[in-house]
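Structure below; questions to follow.
Note that the chains take the letters A, B, C and D in the order they are written out, and that residue 1 is the start of every chain.
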């Protein structure tokens, strides 16, 4: 019977009109991100980092640029760690490559910026700001 | 006889219904199509060239960006190609997880197909329904690998990591809800007479001609050619599953639509079987940190939602592929566009584009 | 009994009070007439522009709710000021004229489209005796004026110097001319029953029973043809976003484009109002004031139009034509025939 | 995987029929036949039509740049007999010209245009050999190993 499908379609839309809505009011209401969510920027823990450079090597797109320095105890330290999120493929290779779990995603997906330069993140500075020098020293002591 | 003149109409690359940046140069006689020549390349990123400067493992994220609504299939195809070259055996659990992911992705991709058919024919609400349910699948992927579109989940030698325990229950819940969703699509779209009359009988291509011109996947099966690589040349563990291949009869828009709608059901069936048979164990084979396949070349193809996806890899024994070529189904399927569209109306070109389902990320590579 | 209440709040009563008030201050009764007329015109234009603003918002909300979304909710409470924000945005946009456009036609088209859309409001009986011009050829006037909308579409399509716009313009002519005929024939059934073209007579004839009960087929034909006449989905082949981008409006931007939009919603309101007057008993109804009934019924009609729009896919242009000429027109003619037979039978038995 | 290679006796038969213009190369999944460019169309037409082969589906067509020669690779598949065959062909780098197979498989149209576009191999007999992915005025063929990429500095 022609027209039956039309009526059933009208029924569906009317039901949905009075039914429950599936979207959320985004900025006020945020959906939880799953545990494995890959997104945002790299969150570096410079105290864990052994400056091996495996993350930069694993990266398919040369997103991570790091420089190192060897100190008097023949231990390597990071001198800079730049993460260019504008080029990132979010493939997780760097995190998988890290032997000490020094990097992880900060899971903040709201990373739109007004200028391209702002997409470059100096992870080392952020990490140092987070862990004050006192804590750094105590961590060193523990390590020694 | 009044003298008439044809005119050229550029559809795209900025047009609401060319699925990205496809340009179709149409020669029209009134509203009748004399010729519809696809012009592509607006999204060309040179992925094949990029592959030559990436290691074998590093190329996986790039395969995500080929057919970006069925990345799992791309990952699978690429990884199996390299595994074939390495002659690597995959743990059972990983094989099953791969099938689950690939088939869920097929459903998600076909939901996009349905949505784009709906919106190209003016049924905006129908589109929303498809996207709503696709979200459910994306949530599952998000749970398993932390990404919603570019998964990079399937890796050379297995899968990235085992799925979290709640994944099983959530997948089963989705599968339980799926028939209800299909019923809703039927009430709103498939059973709709306007949609039926829009698609039925237009954009016909015969089976033999479809094969000649290189159509693969659901578009070929809609013309009645029984060719599904999962059946014809089973890769992975597809020979262990019981499913049928939906076929069309006439090869018109309606058949292309119906075949994909039926395929979703079959895929859901495969996922159920795979979930039931999922063994315990490791999900990653022993793979050396640095992959150096022996020199040689290999071609492997899988059945992706859009057709036959093939990877041709030439190795020179180094860590990077010497040459990598992707046989992209969307690209080759587009060859049929001109032939199918001749003599149709503008509105039908849109419908044909929707049912051929090309994806520009894949076409332009 | 709600009669007194209805009379007190009726538009006619308000007009009478106003007239009395003016009589005290103005020396000449002609002046009073003029002021009243101006007030009427002002009220109608306010209605048109307000209805467009409200309808755009309503349409967005309705579509959102049918698609399980919440729709605009940012500007103002529940997003009610969204349309205002959009209007401001449209007004501040650059006015771009395509290269090689036929300048005068291009400028005139949106204005000319708006005139018939506004002119039909003169004959709507909003309430008892609240009708701007109760012409004795009221419904004929509606058909005559609203069919003028075809030309501006073609003008816009031709003048834009764009092939999409031209194809859209051509489609408009074909579609609007074809669907006018079933529309007129569906109205004819009602006119046969009332024996008058005057709007107030048509409303008065529905005192006992609404014509939707007597002429259900005509009502269905009217709704379908009116959808096609106002170029709304599923018969929005003129715009048909997925094929022609936006049809004749493709090249318009800013305020000119907004005028098209305004005209579209004015047309939607007009089609609904005519539907209410012809089939749903006009302003008549118990307890509530007449104009409120009229508005409520119109709102229902508008909801039906929106409901159709957000449910159905769009037919193809040849199918649309075939449906209009091969299905709708014969049905409308059959309806006229049945109405005639029915009338004669009733007459015979009386 | 790929259990559906051509049976070895069919390989042998092919070699006997077309020797010396046809060689068997590679083994296992890399097994392929190498044809002289001059006899390509003849052999492919036979492979497509002969009842024992029926390779009616051209799955893939591509080219590899081996610096001193280009290798064309055709991956054929037979739907009715479920067997596949890889056909290779070498053409001199200075010549870079091979016959087009669009007459046999129309599906080669876009693929040959792609190879022409990216690898710079000319297909004789192709109905409309022009660039497909790159702009028409693009100067070079990027998939060639000799291609030098001159990156434009990223704009901030």
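Everything that follows uses one rule, which is that a contact is a pair of C-beta atoms (placed from the backbone, for glycine too) under 8 Å apart; a residue touches a chain by one contact, two chains touch by 3 or more.
The model shown is predicted, which means the values in this text are computed figures rather than measured ones.
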Chain whose Cα mean lies nearest the overall Cα mean: B
What chain is the most remote from chain D, judged by the mean position of CA atoms in each chain? C
Between chain A and chain D, what's the gap in Å when you average each chain's C-alpha atoms? 43
Nearest whole angstrom, what separates the Cα centre of chain C from the Cα centre of chain D? 63
For chain B versus chain D, what separation do you get between their C-alpha means, in angstrom? 24
Using the touch rule from the top of the page, what residues of chain D touch 2 or more other chains? none
Of all residues in chain A, which are in touch with two or more distinct other chains? 6, 9, 12-13, 16, 22
Multi-partner residues of chain B (at least 2 other chains): 125, 132, 188-189, 192, 194
Chain B residues within the chain D interface of the complex: 40-41, 44, 46, 48-49, 80, 84, 211-214, 225, 227, 232-233, 235-236, 296-301, 308, 310, 312, 314, 322-323, 325, 327, 331-332, 334-335, 364-365
Could you list, by residue number, the parts of chain A that touch chain C in their complex? 6, 9-10, 12-14, 16-23, 25
Mind listing the chain B positions that touch chain C in their complex? 7, 9, 15-17, 31, 118-126, 128-129, 132, 188-189, 192, 194-195, 197-198, 345-350
Tell me, which parts of chain C touch chain B in their complex? 63, 66-69, 163-164, 167, 233-234, 236-237, 240-245, 310-319
Which residues of chain B touch chain A in the complex? 54-55, 57-62, 64, 125, 132, 135, 142-147, 150, 152, 160-161, 164, 184, 187-189, 191-194, 196
